[in-house]
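Quick notes on the structure that follows.
Naming follows writing order (A, B and C), and every chain is counted from residue 1.
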């Protein structure tokens, strides 16, 4: 049985893992109470968010410290349009997503100008912080309290209904991301992660490749944010804070940056910890910190690994056992 | 705006800039030398503040100026040891690890000192005003600027005139070469990290009497200081001081004209500067 | 036909006070195999970098196929048919050998659609063709980073060839591999060059390789190009002998 699983190709493993996850979630949702359904919608939304972050993190090789910007921005845009400007939901949704896309283009261009990896990370975070502090001060978006309103879609207004909506949308988006990561473009993206200079000398415009990946990532993060605002029936400063961005990164880190299902698993774990930990102790931040530290020190690359990464590790072990190789 | 008020605001800006400078100088040293970002810098800063509250209450403020940075630096040594196995691997791991450390340190502070925002009274001998050219300035602000200048000068002196500084500059330029020369790179890294965090701790000490701080602010402080790094140029240690002073001044004057959007100013400034000159305003252009 | 494929005019490059490339001009006719030799520090690598704009020239022009490509973004230059292989082998370390060449072919085909799902074996025929040209097709599914150095070099060349360049620039192709391997590589490249009418420009220190495979040799010294000619001419050239003063790498 084990050997049969091992012989599956990466594609088959992804498919198998995906199907199992979907079935488990669906089954659980049938038997779940409202509060558990709430938790599950949060988990499913974060699965989408983490997968979107991993587009540029694991596959693009950049360090996006500010994807929470798009998460929160779309939420705020949607809420603002529906509650304050009284735009009908059917119009507000695509409009919010469009604005989010434009924001991603703008921030992407500015952040990638310096051609420096660390500058990119910091600029990203800088924008995130900027928007976060702005949102906390501006009256029209409700400063500290945010905007609340009944913004769930009419056919998905109950907890159960909303969960199924979140689940369906997340599933579709994650599948789209999967196909995106299998496209020729994604191969070039992986190349840019490995050796960006070589990619330039193959004739690829590396700046555009990174920018495109960034925009796509921001777009899907925005969708996750939109779903979240529907779940919470409101947009709050916490949604656009750097904590969200950080959680996204940690989900990818714990679950596995180099595999497709990794962020999804990581999202499940982290959401679970985030919900359970505050119940157990007041010092959940410290414990979370300890978990991060331990994961980074011992779980390099995350729990789930791509088949090619596993091959890499096996080759490395072979090299060591033969008495050769360094590091 | 009257002339006296202008100068007073100037001094306010310069002194707050000095405090930021200390936090940023440490970060810049760690980034340039060890090529890693210490996200926990804000937490160390706040730790310095809290240590000062305690030490000043029992022993006095001036001793706190020396003791607190040492303790913070000591903690930095531990953190550096934890980071060591990650050298050379993806920088993200180090970033996240230091973030985790920041979380832990913040909660440790809550454990020891509680959630409440603490305040401290200025030490008596500094709680005065001094008249310069007929304008009254709070002595403490001048004291902060003085300490800042002393630190900046000592730092410059150490980096450029001492053997230790020479080794540090060498590491910044070319890490592998330094290792080949037989210099103990590990020990040097430890020292750099301790220095970096210690300076942040000192900044926290100076910050204690004038701002009330809650332990949870460890992370948000870092975000406020990051624009200075970007403006000064991340790997450019000489750019820290002008950038920090600039941001301090803009903050001080901005607080008067836009009191509501006060904490948006650093980030907005960063965005503007990035537009104009992505490498940082105070970096030298690469020899073309 | 008479137009040289590469024409360099008065190329200069300063690094502060150092005049690394000093007013260099030369032509390379189509189909030629040209070697650039010279003592260390002569500016050979810098010259190559200037041609493909890895470093921007301080002044001068680079004309490729009649088109001015001076200081154009490197990726545009590569797209026009000028490929460079580096002294240090540059490959995609953590990807498989197959994927390495696949990326090059994807870019060549310019079919980088986003949502088009492709099997992992996309462009299989093309990739296998280029891998077999350099002889590493049996290592197709191995991780590139764990190949032997000689195989990594072959992969590097396969990637460059996959771009189907008109002009291939090689920076010290013989460095770091055994004498036999170097000869194999050069033979291979030369044959491919003849088959595909590819022009080749290479920097080399190993005189054996240079004299065996180059049609024309150019000699650089202290940033200037001091001589150009057939291997016979160069051997007997006084300036060249002076420049090397008792021989370069191997006599």
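The working rule: a contact is a pair of C-beta atoms (placed from the backbone, for glycine too) under 8 Å apart; a residue touches a chain by one contact, two chains touch by 3 or more.
The structure displayed is predicted, hence computed values, not measured ones.
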| item | value |
| --- | --- |
| Farthest chain relative to subunit C (centres taken as mean CA coordinates) | B |
| Closest chain to the centre of mass proxy, which here is the mean CA position | A |
| Inter-chain centre distance, subunit A versus subunit B - centres from mean C-alpha coordinates, in Å | 32 |
| Centre distance in Å when subunit B and subunit C are each reduced to the mean of their C-alpha atoms | 48 |
| Rounded Å distance, subunit A centre to subunit C centre (Cα mean) | 41 |
| Residues of subunit A that touch subunit C when the two form their complex | 10-11, 176, 179-180, 182-185, 187-188, 190-191, 194-195, 197-206, 212, 216, 308-309, 311-312, 315-316, 319 |
| Interface residues, subunit B side, partner subunit A - complex | 31, 37, 82, 85-86, 89, 91-97, 99-104, 106-108, 110-111, 219, 223-224, 226-227, 229-230, 234, 260-261, 263-264, 267-268, 270-271, 274-275, 278-279 |
| Interfacial residue positions of subunit C with respect to subunit A in the complex | 52, 73-76, 78-79, 83-84, 86, 90-96, 99, 102-104, 106-108, 111-118, 120, 122, 142-143, 145-146, 159, 163 |
| Residues of subunit A that touch subunit B when the two form their complex | 57, 63, 65, 110, 113-119, 121-123, 125-127, 129-130, 133-134, 137, 242, 246, 249-250, 253, 283, 285-286, 288-293, 296-297, 300 |
